[in-house]
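Provided herewith is a single structure, encoded as structure tokens, for subsequent inquiry.
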């Protein structure tokens, strides 16, 4: 079991309010991702749930029981830190054993769990090594192993992949998703990388300056962002925002159109521009097009499109894919 | 940042150290302050009543007061200058590639392990003795008249002995700092055509600023209260009577506790002036 | 910033550094050598360096006359006791300062250091009186407490700087893993800080061993450590160089030997944790 409810939770450091009162419901077994730019309060929110920081006001309940003032140890949650936070003076086995030892678990039972976790995480051959002798990915797995042996009611991940190189990150992402499917335990995952958020989450919580901008499934956020911030933050490459005649024509202060929803033509279209840099990825081509008024439009075209630097092209947004925003940035 | 729980635990765990040091500071300080206003002569009847500011005016009016303040500052300042300058040179030298670096390092830091009473005695008798000392022999060897170090050049001698004791410390701290200097930075400067002097002046010295601050702070703490070196060598004669030593004589040798206590209060004030001055600099440098 | 250089340059460096090293070390070397000479050879003109009749006589004379072992034991007890006691009090305080810093942490730390600047002589008589009242004069316990107090600020400071190098996330991980504060300090912080704690222990042992104001002024016969043992050679026995050297060697040998074996920790400790 691992449902977590935050009600009117807020946090201030001195006079600075990092998190204004917010409500959030996390259901049992869900994979929830907190995403937002750095400084948006996502890590603080996670630490509030973990019990590593005090709430300034509000309440947190875990599985229906009030946990607002419970110490981290008593909450039954496990956490994987950005730096992995392994105990450098203990072997891998002792690292994984540590939470069990603290819980006073019988050593035979503990060993059974450690071996099972090691098998799942491919750590069996490394149990007697020190963290210092492991690669980044292996350390990450030890940190996860230390978390899973406790059979916590929920896992908390604080940007766990940001210290890994790109290829390993993709691998670990899959492994964590796999783990979630196997264990079916609630996971709360903090990241600033919207790709991680989109690929892993059941439910994404977009945070900005401490406020929850939107909560929803990845596709909901992609297809119907509630405001300009979410629209711009979710999706890669970023959504294009256009003001002026094109927006007025559609009764909006500004409109947004994703690069993949623009049709390119060499003869005619709504916008006319000059091709700047074009990035050929093989499957796709990303075009950075300069408009006459100085603006830029990014376009995602098919991989076989042949355009040259300085060439003039025309672009038209797909009408049904256009997002319209009012002067406050809210979706109309 | 932390939770309320850990904050109260922190306060509780800091309490013993804070309370002990507070007591260690306040109790004797209050007593010293009290004695300084009393006519207190343990050998001639003990506490003979209120003395007002008598002790203070007498202590400051005595002919030994200002010379003792001067002696204190000269010793502290002299040792600081010598150890920092030589320390930087030695640190730069020891940082160069060489054979047996570890052994040299041990040789250089060894004087720090010698207790002050021993080093004072050894220097006084075996090196600075005008008849049988090694220096006297060297002087005679070159046809010069042996110097009576501890009477003719008493200040220089004491500064030399104390510098010998503290040079290892300065060298080691500065060496550690030099070793942490980014070699690419120096190479870039060399590529830019900077001479050794300008590299030293614009790159190395600023990098050492923090280490020098630490050296000055910690040495000052210890040097303000040097005692054994003077006790063993000159016994405060020949102009080497520091403020500390003067007070020591008033309290223990003349058994005038009231007068000595007033001197103690002056010494505490002097120490505080130095402390405030130092803490300003250090406080700034420690943030970095 | 060490860099590759030619062997010639390296040889030159080596020669200069070794010469300076030997000059700095010379007084110690000379003392040790002299301790094996006869009194006549000790003051012979010209001085003899290595080629003399080595003798152990001075050591037995010194031991006979002043009962070296008793002084040694006092030194070990006082220096060791004050260091261990100081560590027990300082570890929790340094934990608080390093991991739960508040706006006042730095002020408290600087205040602690500033208590070390109080001139000892200014409070000598009050302490002397208190010691008489409490029956602590010329006792090992009394001296242990005083040395613990004067070194406590340094111990706290050093531990604080070492602890600060330990990432707070690891302690938080321990908390998440269900460790109580006691277990967090016992199983995670302390083992991780072992090198730092060892350096602190060694350096403060040496500082206490060499402390020569309180040890000279608060002891008479019973509790006097090696600093007092050697001070008794100040005069006129100081003129007997060989015996003075033997006594000096006996007083500094334990620390020199200890320093030799724990070089790495000592070098680290000597920087007071302040410079990396």
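So that you can tell them apart, the chains are marked A, B and C in the order they are listed, and the count of residues begins at 1 in each.
In this text, a contact is a pair of C-beta atoms (placed from the backbone, for glycine too) under 8 Å apart; a residue touches a chain by one contact, two chains touch by 3 or more.
Chain labels with UniProt names: A = ABC transporter ATP-binding protein; B = Sugar ABC transporter permease; C = Carbohydrate ABC transporter permease.
Owing to the predicted nature of the structure, the values given are computational and were not obtained by experimental measurement.
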Could you tell me which chains make contact with subunit A and subunit B both?
C
Would you identify the chain whose C-alpha centroid lies closest to the centroid of all protein C-alpha atoms displayed?
C
Could you tell me which pair, B-C or A-C, is linked by more C-beta pairs in contact?
B-C
List the centre-to-centre spacing of subunit A and subunit B in whole Å, with centres computed as mean CA coordinates.
57
What is the distance, in whole Å, between the centres of subunit A and subunit C, each centre taken as the mean of its C-alpha atoms?
53
Could you state the distance in Å from the CA-based centre of subunit B to that of subunit C?
16
Could you say which residues in subunit A touch two or more other chains, in rising order?
52, 71
Where subunit B touches two or more other chains, by residue
2
For subunit C, which residues are in contact with subunit B within the complex?
1-5, 9-10, 13-14, 16-18, 20-22, 24-25, 27-28, 30-31, 34, 43, 45-47, 89-90, 92-93, 95-97, 99-100, 102, 106, 108, 110, 112-127, 129-130, 149, 152-153, 156, 181, 206, 209-210, 212-213, 216-217, 226-227, 230-231, 233-234, 238-239, 241, 244-245, 248, 251-252, 255-256, 259-260, 263, 266-267, 270-272, 274-276
Spell out the residues on subunit A that touch subunit C in their complex, using ranges where they run on.
50, 52, 71-73, 77-79, 81-83, 85-90, 98-99, 102-103, 146, 150
Spell out the part of subunit B that touches subunit A in their complex, as residue ranges.
1-5
Contact set on subunit C toward subunit A in their complex:
167, 169-170, 172-180, 183, 187-188, 191-192, 194
Which residues, counting only subunit A, touch subunit B once they are in their complex?
13, 51-54, 71
